[in-house]
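Here you go, one structure.
To keep things simple, chains are lettered A, B, C and D as they appear, and every chain counts its residues starting from 1.
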């Protein structure tokens, strides 16, 4: 259960090897690792993106992300989770966020990873500003993200997903 | 849409960088990459695992996996997918399988990646034999895997998942 | 009652403040009351809190709704809907 | 009618065959008929196809059910439920 907020890029391969090794050291029998990487798109709403700048609320961000990880751990039998979120100014194709989850069986890791992303999108204090060919603009929150989060409120977790 | 069957290990980090670069070259605006890695557990059904040997039906395997990828591409707006499955004799903590999916938005990639894994588990001609402290034994197919596959039969794909 | 207020993203730009320390009258004890109090500062403030746009609030790093109580020493933050990930 | 048969995993071990070329009587034209035909080879074959365990079949690399038709030149495969991933 780790959270990192950083300006630097991250290496997915290294992070997953660390997660696999940590599981081994702790004698956890990891069978499945699901990971999500979000990257800066080069187009949004029809305009070419030059840069994407991420602002956040430092004292609140780590607390909010740790709370999301804890909620995921309560809902599903996962072994470990990792959230890395970058802040600052990024270019198209750069990585923004990594969420990785390990578990004994795949169903738990898939559900927990998607859950963490859906809650991160709607509960963690990050804001994106795009610099496009049309000028700068704040990215608007999406109704689809609220809907995705709402979908989990009625979702039954432990013992109800495939193993 | 790539399928590889191999005895050698794979490097998740390199594979995802390749997928991101390929998307860029093809002018596809990748925003999300979801990946699954399965690894050999050190315990199964209460016994310590010494090795896991994967047998397959070579002429059928690639065809079956490509058909699963095509079905995923029909159901969801994904940009690319990759399946790497190892065969031969593996030890605990070794990687068995990688499924990676790229898309513009995360919902599609999550669904397609889990779909591919659920179908791979039930439709691709691989068989596992465990060498345990109690001797050798073939791994039994799980009812939970059939149930996971059945779950997709009534699942509505395109335009029905969050973007 | 002394509080600290932080502003983020679009809201920080609208009011041209990122953070301030404030000595509030003691009857300003909810988020709604604080919004009304700040709205008296001028048109940009009044517009911001008029309800035309969504302004989320946090107290001491926890998301709260407008009925939440503010106590002395609290850190209050105002920001638009989040867009990370 | 000439066909090729492949056996995999537990089934390969049970019959001690991995592959064979076979000249089938022309009335053996479905998977069920082939299973019954092979069952005459002895107890281990009869046991295998008795229905006590699930035996899946593929023709020319496509999963099929027991009613599927076999034609000359086909590659038929018998294997247990798959357990990859």
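Assume a residue touches a chain if its C-beta (ideal position, glycine included) is under 8 Å from a C-beta of that chain, and two chains touch if they have at least 3 such contacts.
Predicted, not measured: the structure shown is a model, and the values here were computed from it.
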Identity of the chain that, by mean CA position, is farthest from chain B: C
Distance between the centres, which are taken as Cα means, of chain D and chain A, whole angstrom: 48
Interchain centroid distance [CA atoms averaged], chain B/chain D, Å: 27
Two or more partner chains touched - positions in chain D: 85
Shared interface positions of chain B, touching two or more other chains: 38, 106, 117
All pairs of touching chains, each written as two labels joined by a dash: A-B, A-C, B-D
Chain C residues touching chain A - in the complex, by the definition given at the top: 6, 8-10, 54, 58, 61-63, 75, 77, 79-85
Touch list for chain B against partner chain D, complex: 38, 54-57, 59-60, 63-64, 85, 96-97, 117, 120-129, 138-141
Residue ranges of chain A in contact with chain B within the complex: 11-14, 16, 20, 24, 29-43, 93, 104, 106-107, 109-110, 113-114, 117-118, 142, 144-145, 147-148, 151, 162-163
